[in-house]
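Once you scroll down, you'll see the structures, which are given as structure tokens.
The two complexes that follow have chain A in common; it is paired with chain B in the first and with chain C in the second.
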Partner chain A sequence: MKAIDYRIERASDVAGAVEALQADPFAKPIAGGQSLGAMLNLRLAQPECVIDIVGLDALKGLRIESDEMVIGPLVTHARLEDGRYDDATGGMLAHVAAGIAYRAVRNSGTIGGSICHADPAADWIAATAALGATFDIQGPDGTRQVAARDFMTSAFETTLAEADVLTAIRVPALGDTARWSYRKFCRKTGEFALAIVSGVVDGQTGIERLVFSALDGAPVVIERAGLFDELAEPDARQVLLDDDALSISGHRRALHAGLLADVIADIRGTA
Partner chain B sequence: MSAHLEFPESHTVTFRLHVNGEEREVSAEPRTHLADVLREHCGLTATHLGCEQGVCGACTVEIDGVPQRSCLQSATRFEGREIRTLEAFENDPLGAALRRAFSEEHALQCGYCTPGMLITARDIVQRLPQADEARIREELAGNLCRCTGYRGIVRAIQRVLETYPHESSDGR
Partner chain C sequence: MTGAPPDTQAKGIGARLARKEDARFLSGRGEFVADIRRPGMLDVAFVRAPVAHARIVDIEKPEGWESLVYTMADMAEVKPIVAASKLPGFQKSEQYPLAKDKVRFVGEMVAMCVAPSRARAEDLAEQVFVDYEDLPVVSDMHAAANGTAEGKLHEHWDSNVFLETQVDNKAGIADDVVSVRRQLSTSRQCQVPLEGRGVVCWWDHRLNRLEMTSAAQMPHINRTGLAECLGLDEGQVRVVSPDVGGGFGYKGILLPEEICCAWLAMKLDRPIRWIEDRNEHLSANANCREHAYDISVHVERSGRLAGIDCDAIVDSGAYSSYPFSACLEAAQIGSILPGPYKMDSYSCHTRSAATNKPPILPYRGVARTGVCFALEVMLDIAARELGIEPFELRERSLVGPDDMPYTNITNKLFDSGDYIACMHRAVEALDWSGWRARQAETNGRKRIGLGLATFCEQGAHGTSVYHGWGIPMVPGYEQCNARVTTDGILELQIGAHSHGQSMETTMAQVANTVLGIDPEQVRIMHGDTGGSPYSTGTWGSRNAVMSGGAVAAACEKLADRVRRLASHLMDVAADDLIFENGGVVSGDRSRSMTLADIAHTWYRAPQLLPDDVDPAGLGLVAGYKMRPDMGTFSYATHACAVEVDTVTGAVKLLDYAICEDGGVLLNPMVVEGQLLGGLAQGIGTALYEEIPFDDEAQPLASTLADYMVPGAAEMPHLTIEHMETPSPFSTFGQKGIGEGGAIAPPAAITNAVNDALGGLGAEIHSVPISPERVIAALEAAHESD
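The block that comes next holds the complex of A and B.
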């Protein structure tokens, strides 16, 4: 199918993008276009105006700043996959990126676009929550920060207001002894996942974090000391999976249970 | 007797694209995606459209030297980018090697997916010279073929990987 007749405005800077979004409540920002492009063609999205932010240099590039990685939202999945940058996540970013869709999509699709699109089955929403990332957001009233775990509110819904633009993804550096695991189940390589489980343990900061994603809405983050020792026991895993906060039913519960066992094994080094 | 058809007003914009080494001026609506502009406005019909939602891979073209979907973005967004469609690889040695291998290994039947397959195959050969069968299959997940069952396609790419002289890559 073809998209509805919309116009494109090219933003010259972030403030200009915010202004353009504020001026037209039916405008949508576009970055790599790999999600919105499909939504447009399917007419699931019918904006009057699309604000093109893909040329904004301020939203590109990635660097390490003291104890965190600062990733521009326009960094493509392919760039993260190829790993030719200073990494502070022990390869987790590259691993997650490599599993997203297909190379032709990864060459254009961006980490920020994927986060803002907030598909429950997409990868960066889950991975950034697992890494304890923080997002910088610029809107009409200035800038603010939101924790990745609080960003998504439900399927395709986030705390972004209509004229807000994601300007940076801040990922805390993992310690040398940190361990991470990111597991997902897709029926076919590159498809949206039916289940995602990810874990991050960092002895230096004492963080033990587990994320369930590809749920009906936002990912569920569980964070407490001793979590992974506790979950070595299959009974404890059952209790966790039965928790109302997760509310995974049917065959997807079985998929999450299987991935959880894999993640525990990865983290504990018993795989 | 003639029927009078009324079409809604269209808002075309004029922009320039660099396609297969040539500068082209195109007038199209902003919503027109690159694949439609290549086919309908540039007469380059090697690029095929299957799903128009980024899944089937038939529309894959090269943008600045790497494969991308041409169905997912407005053609206006490709101003200033180097666009290469399958037509650009007629006299390209790697393109020729891939076409020969596809023919000899029966890597196509109806041919609808083939343009996208050849662009992806090119990327695999250049980016992943060490790819084994499993990796080739993984990389081909973004290109659907409903005739061959993929065996011939995988064999053709394997053959080119074995026989095509690789220029020194960056060691990956």
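The block that comes next holds the complex of A and C.
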């Protein structure tokens, strides 16, 4: 299949992109095109106008600013994978990036595109929720911040309004003694995950967070002190897995159960 | 990988010669259908049925654009595709290129839209409104075969069954045999060549004929089918198959799209193009493999196979495709299920069920992949029951070297080989006993399992095998049109075509063996009905034997003629001349002449030749027929070790070994390439590839996001061992071996998984072995505890 006839406009800055999106309710921004390209060709997306934001320097680069990492949405998976930057996540970003698709996809696909596309099995949706990230969003009424765990509302749906642009991903720095685990199950290399479980524990901030993802909708985030000690008990895991919020059964439950066991072992250092 | 180090001097049969075609393929200079442009070319897009079974009440063309949209009513003079079989009881289907009256599967074409680009044609297609009246959908082959489906595919039929066959060679077997019975199945999948189908066609007014460039394995057969459907004489159709990016059986079929495009090119007098996209490929066109078996094997306590009883159904889909017909797979099951085994008793009942799914088409290995899966999985289950190793059972049941040539229980004539030695070599190559030791140490969450599978591959089978089917195509012989040019280049034209078989290289190697000519000086021209001898084309592992035989025959005849000319020019007796290094030498090596010198004299200096010279010249057609023509039997054993994660259901291939006997190998490197590619496809069938259909026969995998094919990362470490037992029936002892790689992996891998799960009482009965199926098998075992 081929895309419908659409035009491409090149945005000169973020405000310009927002304006162009506002002017045309059927317009869509394009970053790496790895998801939107397929949507266009399958005619699942039929925008009259595509706003190219790839040239916007304001959306590129990643740096550490006081106690958080600020990642431009146009940073590619490949850049994050290669790890040549100051990292405050103990290698978690690079690990997650390396597991996305194939290198060819990672060369073009961006963290921002992945988050905005909001595929229930997208790695950055799960990983940013596990890291407790927040997103900067610029729209016609100015900028606002949304916590990663509140951003995705359901499959392929987010709190982004039509003329909103994601401008930064803010990831709080992990302490030196923090531990993280990111486990997913894919049928084969390069496939989207059938199940994702991730855990982050940071002694410095007292945060203990567990994320289930690749569910029907948004990831489920569980955050409370003592969580991982609790989960050392097999019964506690069963209660968690049977929670209605997850709504998983059969093979999918078995996969999440297997990954949960791995994540607990990683976090507790018993692997 | 093992094998002799390459001999850089040798270039004939047996040499590991680098492929001549690689220069253009590896530098992106091949020419495939989609690379072809014609001035004024238009693209078509098809309106395809969104429902599986419905009456067409009305088709509304978009207002103002009626002249760019065509339905079957506009093509009234075009005949339907009919691929009947004369086997008794066969019910024939008529497939109109665009659906007439009703649609029978999701994706069936209803209207054709034409525009200057594919995107614009799709815009038009979106605006065609079709009013459907739903009919009951036949989505289950069992219901179709058993007559319990509510719907009916073809109104004039008695049932939803194309053909029913029965082979009955039942004989008495001992009372104390161990009998095991299971229901096994292979899923519907896709061939997925890298390149899909595609066609560009136009009318050539000078030659007064239709020119069609199509990604086709069998251009002559396509031409015959096209001429019949369009009411043209065959001379008015030329089919050219350019570079083809994999065929695997799918490109051996006459497609309704080809007929539509040809008709439209004639109607509009403009070049017309259609390039299949993945969506069309996966959901509407390239479907294969869906078999179901209810099979029992009877094994004596000693491990000797005594008999097989089987009831098989093939989901043949809605129509019989040209030229192989809808009964190809099921009827083949009846004749090839016994594989390379000796037995006392055999019965097999088969049905080709008609369902509201795309027609089932041949795929590398055709029915062999299914029967190998069914039988080999049963043999391992029986071995487990008897408490013996799978190779012990086979060792007592395989046809032995002293039995050759051997006629088996379904009257197949096995030509040569040592199947038992081959199996043992594969077992050793895998380090079976080493893996058994490792297996004993792992019995936790992740379990190791070992499996093997043995099969034979009948290739190049001829008239005596096929005429009984009464299908539109019966192979007989193969010919080669050969000529030496004025400067001594050898041009060979054959009617078959290469879609990855490396024939430009291997046929040149055959010429080198006969004529001593450097393969670089040999030009193979194929895939063009324009001037090549008629051929049924490339399928059934037939070209090494058939085209190879024809090329050898033509080169022999040319050698005779060259010898006579050289004898005169060199003043040496004709039978004292030897072909060597691109020329002829006298026995005492005192005199020599190059082929270029001889050709130059023949064409451009005839005054040097005697007046009574034979004027037939340096061009001729020669042919080859194999006698007996039951085909060559190559064979192999695949052995593998897997790891099964009993929590997630994931299966990992730990190691893989193949020992194969393809007779005299024209080029071992090419054979290894065929094995690797085939293995990748077999792994796809075993572990990944599946198009599930829902109850309304909607395909649930219509993009590569849902349909999984193995990639480089999924290939295991592979050891290949060759055996070379010549076939007594072919020119050089070569055997067909193009499909084998894809035949055994589903069986070998399933056996290994079942070996891993054996201790837990779980068993896999269907491929692909998805994690869900593994977990379901474990749960079933848990429940029955």
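As a working rule, the second predicted complex is superposed on the first by the 271 of 271 C-alpha atoms of A that agree within 3 Å, B and C clash if a C-alpha of one lies under 4 Å from a C-alpha of the other, contacts with A are read in each partner's own complex, and residues count from 1 in each chain.
Throughout what follows, contacts are C-beta pairs under 8 Å (C-beta built on N, C-alpha and C of every residue); 3 or more make two chains touch, one makes a residue touch a chain.
Just so we're clear, the structure is a prediction, and the values are computed from it rather than from any experiment.
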| item | value |
| --- | --- |
| Touched partner set for A:242, first chain B, second chain C, both or neither | neither |
| Partner chain(s) touched by A:65 [first = chain B, second = chain C, both, neither] | neither |
| First (chain B), second (chain C), both or neither touched by A:5 | both |
| Partner chain in contact with A:229 - chain B first, chain C second, else both or neither | neither |
| Which of chain B and chain C A:42 touches, first, second, both or neither | both |
| First (chain B), second (chain C), both or neither touched by A:34 | first |
| Partner chain(s) touched by A:188 [first = chain B, second = chain C, both, neither] | both |
| Overlapping contact positions on chain A, where the chain C interface meets the chain B interface | 1-5, 38, 42, 102, 188-190 |
| List of chain C residues in touch with chain A within their complex | 117-120, 122-123, 126, 277, 279, 645, 647-650, 688, 703, 705, 708, 710-711, 713-714, 770-772, 775-776 |
| Residues of chain B touching chain A in the complex | 8, 10-11, 29-33, 36, 52-54, 57, 60, 63, 66-69, 71-74, 76-77, 119-120, 123, 127, 137-139, 141-143 |
| In the complex, chain A residues that touch chain B | 1-8, 33-34, 37-38, 40-42, 50, 52, 54, 78, 101-105, 107-108, 188-190 |
| Chain C partner contacts - residues on chain A that touch it in the complex | 1-5, 38, 42-43, 102, 185, 187-192, 194, 250-251, 254-255, 257-258, 261 |
